[in-house]
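Consider the two complexes below, in which chain A is the common component and chain B and chain C are the respective partners.
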Partner chain A sequence: MRWLLGIAAFAAAWLLPYALGGYSMHVVDVAIIFAVLAIGLGLTMGVAGQINLAQVAFFGVGAYAVAILTTGAGLGFWTASVLALVAAVVAGLLAGIPALRMQSHYLGIVTLGLALAFINWVTNAHVAGRAEGISDIPVPPMFGIDLSSAYLFYYVELIVFVVFLALALFVTHSPLGRRLRAMRDDDLAAGALGAEIPLLRMTAFVLSGLYGGVAGVLYAGLIRFVAPETFSIGNMFLLLAMVIIGGRSSIVGCVVGALALAFVREALLDVSAFAQLGYGVIVVLVVVFFPKGLAGLLSRRKAGGRARLGPFQEYGTAAADEGTVLEVEGVTKRFRGLVALEDITLSVPAGQIRGIVGPNGSGKTTLFNVVSGFYSPTRGRVRLHGRDVTNLAPYRLSLRGVARTFQNLRLFEDLSVRENVLLGLDRTRTAWIWRYLATPWAVARYSRGLNRSAEEIIARFGLQEVADAVPRALPYGIQRRVEIARAMAMSPSLLLLDEPAAGLNGEEVRQLAEIVRSIRGSGVTVVVIEHNMGLVMSLCDHVTVLSSGRVIADGPPDEVAVDPDVVAAYLGDSMAAPTESEVEHAEG
Partner chain B sequence: MRITLVATALLAALTACAPPGQSGSTGTQASGPIKIANINAQSGQLSSLGQWENKGVKLAIKEVNAAGGVNGRQIQLDLFDDQGDPTVGTNLARKIAAEGYIAMLGTAESAVTLAMAPILKDAKIPNITSGQSPKLAELKSPFLFLNAPTSVTFDETLAKYLVDEKGYKKIALISNNGAYGSGEHDAFLTSLKTRRVTPVADEVVTPDQKDFNANLAKIREQDPEVLFIGAEEVQSGLIAKQARELGLKAVIAGGAPIGTDVYATTAGLPNAEGSIVSSPYLSNEASDAIKAFAAKYKTEYNEDARMHVAKAYDGAMIMVEALRATGGEGGQKLADAIRAVKRDGLLGAYTYDEFGVGIHETKIGLVKDGKVVPEAAS
Partner chain C sequence: MQVLLQTLIGGITFGAVYALVAMGFSIVYRTMGLVNFAHGSVVMIGAYAASTFYMATRLPFAVAMVVAIVVTGLIGLIIERFLRPLENKDFTLMLIGTIGFGAVLEALAILIWGATGHAVPNPVATEPIDLGGVRIPTYSLLVIGVAALATALLALFLQRTKTGAAMQAVAMDHEAATACGIHVGRSNATAFAIGACLAAVAGSLIGPMLYVNPTMGGTLGIKGFAAAMLGGFGSMPGAIVGGMAFGLLDAFAAGNFQEYSELVTFVVFAVVVMIRPMGIFGEATVNRA
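What follows is the complex of A and B.
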């Protein structure tokens, strides 16, 4: 059905020029250029969540590079275009560097500064023709077809547009796009799932530069003149309005927004002073009432309201590796004056279920954060299968087989349950992305393989009914199960569970114990932080007790439970071990 | 699958058809009103220029229509807003071509006119612009005409007066990096170079800068005899005012903006006193023809005339004269007719050369009590 719509739209677009006058044709040509720009901005801002206000500068880099290389250096139009694309991508890379260190509005300010710097440069540089710009860009040659005609240039634009729209849609729906969206929702959790955050941010800016460059080349070929005003902050705002009104996380929405606003702008040409005001008002209204833009109005996610969990299907048993999986040696972690962990040493042998318990604030989650790479220890070492992994980034640890869940659940809110699982399944490095351009069919095949595996995991964890729902629409117990499924999708050798039973009812806790045992049975080593003593006692082979950042007891559950230090640490003044309800109350 | 095949076949069939295009030319109607487009910035930073140009053009067309039009046909003048944006300008160029306008007046911003020129050339629509950039002349488009001299003429006349006649050697420059300011800067610097004069200071500011103390302090250290200002009216006034406040004694010189009342009132009359102007239009009292025009303008709009309205008026009148010669016909004929016009206008005697420049000299004036008087008379 979608294919049919697409083909119908393309046929209509192919016939369109026969119905248009010369002026309308030109307006359409300009609108398509803005649509290409909007796709690029949608990819960086909507899909990857990078606030990028330099898109108009990438556009300028592309157009100016063509202008300078053809009129100044005397190159042919298409040679200049290729170099212009390279220049725009390089500009994207440079603009992306700040994104490695800062995010959200800080990044917005920096990219805005870069855009202003670009305009300033072209207004002052002799090579860029200064305020008067560069005219006389040659007509692009095309096997004798006269591209100075707005009608014939339209077909060039249409083909380029369709190719780059397809690329954008392909990227968004591929494993890479899923990772970009995961990074937008929660970059920490995405890192823990193996997404190389720095590289992904650079990828987003490279895409932004690429689309800016393509639009710039088309602009140079169509208008055959460049001047600073075209790349002004005013036009950046217009572009931003297109993306926001259309719906920033939907590529098609961005295109619709861009085309619509380009035509509205043309219609309001005679009252342009008020039109600016109008765009401002519309943007404010859209942001307040329809944060997802036009695209958000059309697509409504299936709610998972009354969905139920299916039964868990046990893993087959497999022998665990020999030896020690995790070794923590003398790890100390200080935050300024506060000592969160002091000289922690523990080792977890393969195939064990290790419990980590201790009062609130005793450093359990900090220990997890050190082991999974979120924190660098102040002192000490962490080894995985005997190899030193201290200070490795979360995505590297993830690729080496460390999976974790989070105390407060970090599911990607705007991704469906299936997509959350797919993210865990995707074990490719981001450096793999050259294949998206070189061999897209291989990517598509890989993606289909992932989908099959995802169905297996969804079935195993009984998530069939909720697979297409977004996590926030689901009950808490199901969200907990999804997070474990996502972690297990990574096929880890070490699974870290941070309070997996918090917020679960009795039946759910029983199922949890069953799942964790089956996971261990499949050869995975499990470390679990838990307050639910009943669960710890029945589930764990070995328990380590932390208090004020130190290990105060370490041994089988029944020995640890009666250790006087443990009793004192837990209870202080009162003289009984905490019950489950008390602990939950204290946490609430 | 079958649908895909059908669609592919359909597309293939379409490709085989004749390429689309605008069928037939809009041609020139022999009756009805003659359509002329006036394109100018009505919004954005340079809208004041655009509005002046439009008033000058409107006044001219109103007079012509009141007097019976061109060979009995009325002129229909329509205003379009280019927002000072070259992209919008190119859209409008195609729009007027599609809607059958046979001539265009405007724009006031060189960058926009430069962007539109190739399209208007292809559409054979003659354009008389108010831009002054030398780049406009360099295009050598047979359909592009200027209604004023280029910056080169303004500054060549000024440099000739300052260096050759007055013998000044220590000259300082301050200009903005906008289209107008940088054009002035380059043209004046070239004129100085041909006279083997190197400026003692060359300060560049931005078009929206308001405080020039740092730049002027540097200039003061060089103790120049002349301070050349390349900026629009208000900014020129501010520069002059702050220069005098810093105790800079140099003679102030510049192009047309220095001759305006806006400059004089912004600078303060005592500060503006003695400033040297190079302009084809020195003041509203420069000649009887100009006095009559200024009076007409004052009655129509209740504001004082200035060079921008005068040159737009001249441009419109030249267009009308050419239309009379072609009998309302446009295209190549109209362009040739414009080139043949010899008009004694408000800015001087127009004779067009192959660059589309009609006026080739400016006059030197001095500011006295906020008014410009011709240099010879002082």
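What follows is the complex of A and C.
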């Protein structure tokens, strides 16, 4: 159905010039350039969540590079175009560097500042023609076809547009696009799943630069004149309005928004102040009432309301590796004056279920954050299978077999349950992305393989009924299970569970114990932070008790539970350890 | 040395205005977590309101400033009411919503005052004070004085009044503030109105220094925003220090790089915030997993 619509749209676009007058053709040509720009902005901002307000500058870099190289250096149009694309991508890379250190509005203001710096340069630099700009860019040669005709140039644009639209759609629907969207939703959790956040952010900016450059080359070929006002901040906001109105996370939505606004802009050219008033009002209304734009109006939501969990299918048993999986040696973590962990030493042998317990604020989650790479310890080492992994980034630890869940659930809210699982399955390094351009069929094959494995995991964890729902539509207990499924999708050798039973009812806790035992049975070592003492006693082989950042007891559960230090740590209750109901009160 | 001091005075004068703009950003941001990209346009409206009234009525400049404050205060309340559904939600949406508002204000200014803009006569037309060869324009002293007064009044309001304390509470934790019986919506509206009033003060002060035109809000807003970020977003002392720092950066870039000053200013800004993203007074945020 979608394919048919696409083909019909392409056929209509192919025949369009026969129905248009010369000026209208020109307007359509300009609109397509805006559409290419909008796709680039949609990819960086909508899909990857990088607030990039320099897109119009990348456009400018592309157009100005063609202009300078053809008129100044005397290169041919197409040679200049290739170099212009390279220049725009490099500009994207440079503007993307701040994204490694800051996000959201901070990134927005820095990229906007860089765009202003670019405009300032072209308005004053002699080589860029100052305020008058550069005219007399040569007509692009094309086997004797006269591309100075708006009609014939249209076909060049159309082909380029379709190719780059296809690339954008391919990227969004591929494992890379999924990782970009995951990064947009929650970069910490994405990192824990093996996504290289810095490289992904740079990828987003490279794409932004590439699309800006392509649009710039087309613009130079069509108008054959460049001047600073085309690349002004006003046009940046127009572009932003296009993407927002269309629906920023939908590539097709961005295209529709761009075409629609480009035509409206043309129609209101004589009353531009009213036009600007119009966009402004529309943008405010869309943002407040239809945050997903036109695309959001069309897409229907799957209801996950009454979905139920299926039974968990046990893993086959496999012998665990020999030796010690995790060794923590003398780890201290300080936050300024506060000592969160003080000289923690523990080692977890392969195939064990280790419990970590302790009062709130005793440093349990901090310990997990150190082991999974979120924090660097102030002192001490962490070893995984005997190899030093201290200070490794979360994604590296993830690729080495450390999977974790989070105390307050970090599922990707805008991705379906299936996509959450698929993210866990994707074990590629981001350097793999050259294949997206070189051998897209290999990517498609890999992606199909992932989909098959995802179905297996979804079936194993009984998630068939909820596979297409978004996590926030699901009850809490199901979300907890999805998070474990996602972690197990990574085929880890060490699984860290941070309060997996929090918020679960009795039956769900029983199922959880069964799942964790089966996971251990399949050869995975499990470390679990838990307040539910009943569960800890029945599930764990060995328990480590933390209090105020120190290990105060370490041993089999029944010994630890009667240890006087442990009793004292839990406020000297008459019980050896808090009861379940007390723990529930302590939650949150 | 004289050139240096002269640049310093120019930088501090503009810095005082940037500091006012930055405080306007910060008070809204810390109270409701909203990054108000329309702030620059509110400054522009303030500049227009004050200068138009001043030139039309020939009343004292202070009266014109009060008129501008009333006008922008109302605009601030309107913007807040519209964007209330987005508070403490998606940053991207808020950012874009406020950019949309900025576009609306700019378009309104073009429709009311025309696209060309006007020059504003200096309200204190006296000779500059000569201090050992360094000429200090009296208007610079006025700007610095008014900015200091506005800062002092704001600090008093935040620390000594009940409404101010309520706003501080909302800034720290809006849910806990609700639980304490603070009307968060009213507190947000107050913050927005105060931000807009500061914008009017900044706008009316900058009018005689620049040429008042509909697009001045863009650059001023970005510079004020950058100043707030340089100082540490949401911190009031940070806004003042950041504003001064940005004014000086701007003045020295203009002195040494002439037409490329904007390029230098923003590249330096990008490098500085990359080295210290939390700004001078900002807190290092720890990612909690």
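List of remarks:
Please note the rule applied: the second predicted complex is superposed on the first by the 582 of 588 C-alpha atoms of A that agree within 3 Å, B and C clash if a C-alpha of one lies under 4 Å from a C-alpha of the other, contacts with A are read in each partner's own complex, and residues count from 1 in each chain.
Here is the rule we go by: a contact is a pair of C-beta atoms (placed from the backbone, for glycine too) under 8 Å apart; a residue touches a chain by one contact, two chains touch by 3 or more.
It should be emphasised that the depicted structure is a prediction, and the values quoted were computed from it without experimental measurement.
When the two structures are aligned on the shared chain, A:Val284 is found in touch with chain C, with no touch to chain B. In the overlay built on the shared chain, the residue A:Glu266 is in contact with chain B alone; chain C does not reach it.
Contacts of A:Asn124 after superposition: both chain B and chain C are touched. Residue contacts after overlaying the shared chain place A:His26 against chain B, while chain C stays out of touching range.
In the superposition on chain A, contact is made by A:Ala150 with chain B only, not with chain C.
Using the contact criterion defined above for the overlaid structures, shared-chain residue A:Tyr18 touches chain B, although it does not reach chain C.
Residue overlap on chain A between the chain B contacts of one complex and the chain C contacts of the other covers 123-124, 273, 276. Looking at the complex, you find that chain B touches chain A at residues 3-4, 7, 10-11, 14, 19-22, 42-43, 80-81, 83-88, 90-92, 94-95, 97-99, 110-111, 114-115, 117-118, 122, 133, 135, 139, 177-179, 182-183, 204.
Chain A makes touch with chain C in their complex at residues 45, 49, 51, 97-98, 101-102, 104-106, 108-110, 112-114, 116-118, 120-121, 123-124, 188, 192, 233-234, 237, 240-241, 244, 248, 273-274, 276-277, 279-284, 287-288, 291, 335, 365, 368-369, 372, 374, 406-407, 410. Taken together, the chain A residues at the contact with chain B in this complex read 3-4, 7-8, 10-11, 14-15, 17-18, 20-24, 26-27, 30, 123-124, 130-133, 135-136, 148-152, 223-230, 232, 235, 266, 269-270, 272-273, 276.
Within the complex, the chain C residues that touch chain A are 35, 82-83, 85-86, 90-97, 99-108, 110-111, 115, 215, 218-219, 222, 225-226, 229, 233, 259-263, 265-267, 269-270, 273-274, 277, 286-287, 289.
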